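The same subunit A turns up in both complexes below, where it pairs with subunit B and then with subunit C.
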Partner chain A sequence: MLDLLVIGAGLTGLTAALRAAESGLKVKVIAKGLGSLHWSAATVDVMGYPAPSPVAAKNPWEGWQSLPAAHPYHRLGAKRIKADLDAFQAWTVALGLPYAANADPDRNTLLPSPVGAFRPVYLAPKAQFAGDVASRQPMLIAGFDGVRDFYPQLLADNLAAQGQPARSVLLPQITLTDRHDANTVHLAEALDDPARQTALGVALKSAVQPGERIGLPAILGLRAHTQVMEALTRITGATIFEIPTLTPSVPGVRLTAALRTRLDQVGVRVEAGMEAIGFNATGDAIEWVETSTSSRPIRHRARNFLLATGGVLGGGFSSDHTGRFWEVVFQLPLTTPQDRGQWFRPQFFDPAGQPVFSTGVAVNERWQPVDADGKIVYRNLWAAGGLLAGADPIQERSLEGLAISTAMAAVESLTTR
Partner chain B sequence: MKQIETELLVIGGGSTGAGVAWDAALRGFRTILVERRDLTHGTTGRYHGLLHSGGRYVVKDPRSAVECIEENRVLRYTHAHCIEDTGGFFVVTPEDEGDYPDKFKAACAQTGVPCQELPLKEAFRREPLLNRRISRVFEVPDGAADSFLATHATAQAAQLAGATILIYHEVVGLLVEGGDGDRRVVGAQVTDKVTGEDFIIRAAMVINASGAWAGKIAQLAGIEVKVIPGKGVMVAMNHRVVNTVVNRCKMPADGDIIVPAHTVAVIGTTDEKVADPEPLRIHPWEVQLMLDEGDKLVPGISKARVLRAWAGVRPLYQEGFTGQSRDATRALTLLDHQARDGVRGFLTITGGKWTTFRLMAETTMDMACKQLGTERPCLTAKTQAPGVEQGHYWLGHRLHAVEEHHLQSDLICECELVTRAMLQQAVLKNPTVTLDDLRRDTRLGMGPCQGGFCTYRAVGVIHQMQHETQGAANQAMPTTIQPTNADTGPQIWDVAHLQSPAHNVDAPHRVKMTAGASLADANLLLHDFLQERWRGVTPILWGQQLKQERLDELIYLSVMNADHLPRSESQSPLTDFWQFDTTPGAGE
Partner chain C sequence: MAPIAWESVDHSLDECIKCNICTSYCPVAAVTDLFPGPKYVGPQAQRFRENGQPHSPDHSVDYCSGCRVCNEVCPTGVKIAELNARARAEIVAEHGLPLRNRLLGRNETLGKLGSIAPGLANFALQNGLSRVLAEKIMGIAREAPLPTWSTTGTFQDWLRASARTRLKSDKKVVYFHGCATMYYEPFIGRATVAVLEHHGYEVIVPTTQNCCGLPLLSNGEFGAAEKYHKNNVAHLSSYARAGFPIIGTSTSCTLTLQEEAPELLDLHDEGSDALKMATWDLFEWLRELHEKGEFRTDFKPLNLVLPYHAPCQMRAHRVGKPALELMALIPGLDVRESHARCCGIAGTYGYKQEKYQIAMDVGEELFDFVGEQGTDVRYSACDSETCRWQLEHGTHLPSRHPVEILAAAYGFYDLDKRELISAYTVNDHRSTTMSLNTLIIGAGAIGCLAGAKLALTGQTVTLAGRASFVQAMRERGLSYTDETGQHIVRNIRPAGSIDEAFARAESAFDLAVLTVKSYDTTAALAELSDALASTGAPAPALLSMQNGVGNEDAIAAVLPAATVIAGSITTPVSMQGPGAIRVDKPRYGLGLGLWRGPAESALFAESVATFTNAGFAVKTFASAPGMKWTKLLMNMMGNAIVAILGETPEQVFADSRMVDLEIAAWREALAVMDKAGIPALNIDGYPFATLAPLIRTAPGFLIRPVLRAQIGGARGGKLPSLAIDLQSGKPRSEVFWLNGAVVDKGKAAGVPTPVNRLL
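And then the complex of A and B:
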């Protein structure tokens, strides 16, 4: 019998499964897809813009008073989240995908985005971290003709307009691959080949000027990116860093792979292609969750269940044209208004975000879903991550911080009850 | 103020205005067309894309039906590449019983609209998703028209014949000379919306082809023209659920047609008399009505993914009419202001359908010739628009070209199969101010992700072009490149193959802008296009499309942080448009 069935294989689900396994629980993860890490920049953002503030937070632990009362961060507190993220960072080091943090733990770091805006992040893969704009060390942004998910000139011009000296160079795509349908993942895979690394290094060497660091799209190897970066540094003599691209996101693919490798090592199975289509509860306890596969429905029994299916993006919620909005696995009560007229604001870039996205599953202090009266819905069910009410993690830039800290908190709650 | 002389000034860059400019230029008139936004920005670019057989009007409005079938035949010759030969069904659902179907059949015969009753088995074989409770099916020669391409091709044809096409030029005043009883319109004052510069265009004849805005233009000459703005809401489905235009066989009503348009299907439409042609708000009930009615033709369509909703305004006109817009005639109306109002040198052409735009132009120019005292025959019906050698549009043409030429890596917009070279050529080959202009040129951003992936890419490509043009490394944000205007000669206008990946292969990666381009800075282009896409999805965001929009948020907020880019002080005409016309989902 499983101690815990985690539903969802995004950052929340994988973090929860790993933390639970480390606590000695017998755990399994089921998921419909691969998790939304493959879409993200794979930095760990804690709080970039506490809504409705349009100004980037220098200190991620401040400015929370403007967040909704139900925001999960109010319950966790900065100290606890910091400790959780320290633990996460230690994992990444052990996994060979080291994440770095600002020397001052009360400061966000500003890293270049694919369009040349400054992204306020808390932790970032080391590969990205050298793009910190604080030093104002000049940048050479290198891109490739025909790579449609990265535009170095646009990036450099926007960086320069914000006081970060930058210029760009476009290299021929032939340096990387001769595929006709290459996306960023294909390009990264091509660069795992040492011959390609050398070719790229030589091309960069002739473009870079003394004193410059080199920013490249985050395609520097899929499985061997630390070696790729070392090789490029060796050849060019310059600091090399990655900048996220338009999705699919190689840094996200790497992080998913690293976490899943670790889960494998500790004996946690991650079963993808398993969409939860039903469940059974006896009294107030869930007995099993049923998934569909190509062959037959399977019932997954466990003592405890953790719902980490994400919000609208992860697929945890669905909705229809009548304004009905529901949680897809357990039909949990939601804080969402059942009226489409209240879901959106007129501006796509409204600093307050779109109201529908900060609604979701309400939980109690033990991270257990509750109904409108605050009553626990199922006594062996926990929830964490993007589906929680009170936060709009994409608008706030708290996506990964929220995922990791609520996942760890929920696991701690279920192991200490 | 600068002054330009011409013979004919056409106001309005929709299908009618472009048609008039084409007709006038072919008859040898020196012609200038002015449009305050992009070509087709008004009603032409906001309809469901039906090439009418006339079947829709055979009972209710036979004059309009006759116009439609005649023009249907002409356009298949002059604008073949802008038309998909889908054919059309008129179907009798259980709610459409009564004597209408028989009347319909008889009226088709009387008006000359070819109509054949199909065995149900054959109809269901061709359209398997049709409601199985349909009792009769009539086939007519409806088609699906690409009004963006057709109008651009018409404008190019006009330009080839000598006309000047000025987009983003707004008429702010009409020049009226003479006193009571002998007034004459002699031109217009025009503002270049990009540079802000005003100038005068003097003309022997001014043609008001501004559609639903015709009343506002006429008012500038002190003339009252009561256009009946009939707002129609349309809903684009993510799937092309039918390959044939499907109409309900009944008196025209709300939500009674599904038109297959490129990769999608459009359900249309409502008809609501509104006070003004703008703003075009979309209410939840309108979307609901389209889906409910759509279910009667294709059961379950309401549960399919919806891409977008939008509204257009019919420029209906009926002298002295006070009823509902649904009942106003669809026939064209030419107002001879000399006879009607005692004002010479000014004609208003309104009413009609997209299908009849060429006829509207011909009628207008016949009258113009008469008033100018010259006899020159109309040549448009026998003249083919540029690009016509490509034959009728067919659904697979882009995919075929992309696969044939291995252009997969070059796809900037994967949903609509727009390649980098198509985008670059669209920037080069007709005046371009906003990304929305490129959407109309190439279908950029019209697919399921609604700009999620292609907005960034398009902006990156354009910015690179701007950079190559400036030829300087490490410059700050580029300044607006000066546009071409009326006194700098004809603009490049070559749109015949903008929609074809096969005509844009082996293009260099580094392309310079031309003097004709006047695109704003990259950050403004990005912001405006995302906002314009948002405007059209908010009325239909639920289910899969809501999830898609959240992915677009992840990309532009979380990954790009594009909402915190250095903001340009400037505004584009697209900013100007969405700022006053934004639909937050719930209506007023």
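And then the complex of A and C:
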């Protein structure tokens, strides 16, 4: 019998599973498909915009008084979240995909986005972290002819307009691959080949000027990422950094692979392609969750269940045109209004965010879903991550901080019961 | 054909958020520019395929291998692989289909055709020249890992032969074996039956099942696939409704019955649904047993490092990796799980010339994984047949189905030879009824073989032979050398005469096996009936394992109340001295037919069971005379003429005139059989039922090469029995029971037989 069934294989689900397995629990992860990490820059954003303001927060631990009372961060507190993120960072180092943080733990770091905006992040893969705009060291943004959704000149112009010196160069795609068409993952795989690394290094060397650092789309190797970074640094003599791309996001694929490798080592199976379609509860305890197959649904029994299916984007919620809005696995009570008219504000970019994204599953202090009266729905069910009510992770830029800290808190709660 | 149904995928199409995860994980798009990726040819191109659009927009969808990795990773549940399969069917409907794809889609028909003469078919298909031609003419890649037809009979042959020995039980399951098990890998079916019986389940194998239709579906022939599926529904859904699980060992077949066929063909009738819900992958079903605490774990250690790849079609079941879970219970077995996406072959995809290299490039991830597991890895394992063939092709290591691993761990399967070994004791019922007290009369090669194999499986055996045999047996036991080496068998009771055998017997003999030369039958029978009369023992059943025809009639005349069984043994065995034999070719073919006795003779059934469990490949024949006469045809071949000329068969048959003489003798024999109403049969590699019309009517230049090959293969430089008798200076030979029998029967039937008379 499993101690814990985790539903969802995004950052929340994988973090929870690893933490639980390290605490000695027998764990399995099921997911409808591969998680939303593939869409993310794979940085760990803790709090970029606590208040409805266009100005990014310099200190991620401040300004929380503007957050809703039900925000999970209020319950956790900065100290505890910091400790959780330290633990996460230690994992990344052990997994060979080290993340870096600002030397000052009370500082966000601003990194370039794919269009040259500044993104406030707390932790980032080392390769991205070198793009920190604080130093104002000049940048050469290198892109490739034919590579979609990465336009070095647009990026450099936008950076320069914000005071970050930058210029651009467009290299032929042939430097990376002989293929006519390739997406970011294919290009990253191509660069696992040392010969390609050398070719790219030589091309960059002839383009870079002394004192410049080189920003490239985040395609610098899939399995041989460290090796690619070393080779390019050696050949060019310059600092190399990655800028995240549109989907599929190679840094997200790398982080997924690293976490899954670790889970595999500690005996946790991650089953993709398993969509939860039903469950059974005896009294107030969940007995099993059912997933769809090519024939009879199969039942997954466990002592505890952790829901980590994400919010609207992750697929944890669904809706229809009548205004109905529901949680897809356990039909948990939601704080979301059952009236379409109240889901959105008139302005799409309203700095206050959209109500539909800040509502969701309400939990008690033990991270157990509760109904409108604060009563626990099922005594062996926990919830964490993007589906929690009270946070607007997209608007706040707090998605990963929320995922990691609530996942760890929920696991701690269920193990100390 | 039926119009392609798009409705069921329309909804899932709306779920696509263009995230490209599918393209990132697509194993085909990763290695070739010819396939732009699932998102492009699937959800993206789909809008141009909506009803009313005249042409399919993009033929690159034909490069989709159908592995379904895209479905597995899609976070929003788009049925991408199904979209692609429909798109291919639309191209086929619009542009037709090359002959090659028609052929590759018809696995069942190919299986049937090849199984008529598997040796010939394998040669025809596997030689270098044919493969070059097949590539040039049809575009079937010359290096592609095509299967070989089973040369030890189809699975159906084994089912027939083992019908009486298989477990009967109140607990029943239905087995869907699929074409590969039927025609290419019957040992998978044998291992499956053994494993299921080991759990106390009777295995029903409906002969009306046919191909699941997947090869047709994946080649875009939806109309033909629909016929197959509807037939399976018609014949199997009644089992489903009666509550029997329908268990398969080919993951693509089970997936097709469950989901692919109903989904792609839009068949949602009650019968299709019943079949869908009752179909199981074997290991998924065994895992259920395990969860109920009913899975047997009486394993012996299997000290192997085993790289295991769950094939795409297994993963598409979305039930996890049950084979991995159960193999993990086997002590000593170190199963290493592959995370490779696909082996590349994807059914018939990798057979196609233009896709062969793509398939190999896709498979590299898996081949590398297997290679990384160390040099002492002896096998890989995978649930799907085409994937195993591809794995073997890519890694040069044998690959096994997990059920073979399981059967080996239970101790009743040989992983190298891929066959059931010795007696696998299924239940107490069988093991108690199988114990026969057997008397073997004649300690020649056949008598020693039968005695050794029965004794090795713990049967009580008395062997009556000459004094030299008895002495050798007492001094050192019976020396029996087979493909596994030399065995000294001591648990055989030797007797210098039939009288002595009866005197030493502790209980009555159930079965007496006659293995003396035909010219000694009369004397042996006289001795036997004297012994019965003097001891008052009941007559045992009599089994004649002798060559020629006429022995069974002689037995029946002397022992009017006894059950008489006709036997034909087709394993070349040599005498190395008294009580010492060597198996020349480990085929162990044994035909058994009831000559005289009650229709449901228990003794016959027990004899079949006993010899099967002793390791003989027993095949039962409804027509015992047909079997004996067919064996006679085999024994005639290259026997008398060689003996008369005193040369080896090879030398004799270098001369076309001698070959023609042989053909003439056969034609006479066939004419006699025809007239007497005795059928020629297909036995153990000699397809006389199939060849008889050819021998009788085809011109000599067509038959000669076949005959030469057959005789060369069967006899080679070894001398036939008549020549050995003649050269050893024996005053008698069995010629009267071979060619002589043809003459006698011809006389009775009014058919002239001048050639056989001469010989």
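The criterion applied here is as follows: the second predicted complex is superposed on the first by the 414 of 417 C-alpha atoms of A that agree within 3 Å, B and C clash if a C-alpha of one lies under 4 Å from a C-alpha of the other, contacts with A are read in each partner's own complex, and residues count from 1 in each chain.
FYI, a residue touches a chain if its C-beta (ideal position, glycine included) is under 8 Å from a C-beta of that chain, and two chains touch if they have at least 3 such contacts.
This one's a predicted model, so the numbers in the text were calculated from it and none came from an experiment.
Peer 1: I'd like to know which partner A:117 touches here: subunit B for first, subunit C for second, both or neither.
Peer 2: It touches subunit B, and subunit C stays clear.
Peer 1: Output check: A:274 vs subunit B and subunit C. Expected answer is one of first, second, both, neither. What do you get?
Peer 2: A:274 contacts subunit C only, not subunit B.
Peer 1: Of the partners subunit B and subunit C, which touch A:311 in the superposed model: first, second, both, neither?
Peer 2: The answer is first: A:311 touches subunit B but not subunit C.
Peer 1: Which chain, subunit B or subunit C, ends up touching more residues of subunit A in the combined arrangement?
Peer 2: The partner making contact with more of subunit A's residues is B.
Peer 1: Based on the superposed arrangement, let me know which partner A:180 touches: subunit B (first), subunit C (second), both, or neither?
Peer 2: both
Peer 1: After superposition on the shared chain, which partner residues are touched by A:349: those of subunit B (first), subunit C (second), both, or neither?
Peer 2: After superposition on chain A, A:349 lies in contact with subunit B alone.
Peer 1: Give one of first, second, both or neither to describe whether A:79 is in contact with subunit B, with subunit C, with both, or with none.
Peer 2: Neither partner.
Peer 1: Figure out whether A:39 sits in contact with subunit B (first) or subunit C (second), or with both, or with neither.
Peer 2: Both: A:39 reaches subunit B and subunit C.
Peer 1: If I apply the document's touch criterion, which positions on subunit A are contacted by subunit B in one structure and by subunit C in the other?
Peer 2: In subunit A, residues 36, 39, 179-181, 247, 315 are touched by subunit B and also by subunit C.
Peer 1: Which subunit B residues qualify as touching subunit A in the complex?
Peer 2: Spelled out, the residues of subunit B in touch with subunit A are 284, 287-288, 291, 302-303, 306, 406-412, 420, 453, 456-457, 459-461, 463-464, 467, 473-478, 509-510, 522-523, 526-527, 530-531, 533-534, 538, 540-543, 546-547, 550-551, 553-566, 582-587.
Peer 1: Write out the stretch or stretches of subunit C touching subunit A in their complex.
Peer 2: Touch list, subunit C to subunit A: 18-21, 23-25, 29-30, 33, 36-37, 71-77, 254-255, 258-259, 276-277, 279-280, 315-320, 337, 339.
Peer 1: Of all residues in subunit A, which touch subunit C in the complex?
Peer 2: 32-36, 38-39, 179-181, 183-186, 189, 247-248, 253, 264, 269, 271-275, 291-296, 298, 314-315
Peer 1: Looking at the complex, which residues from subunit A come into contact with subunit B?
Peer 2: By the definition above, subunit A touches subunit B via 36, 39-41, 45, 48-49, 54, 56, 113-120, 145-146, 148-151, 153-154, 156-158, 160-162, 166-168, 170, 173, 179-182, 244, 246-247, 249, 311-313, 315, 318-321, 323, 325, 340-349, 351, 354, 356-357, 394-395, 397, 399.
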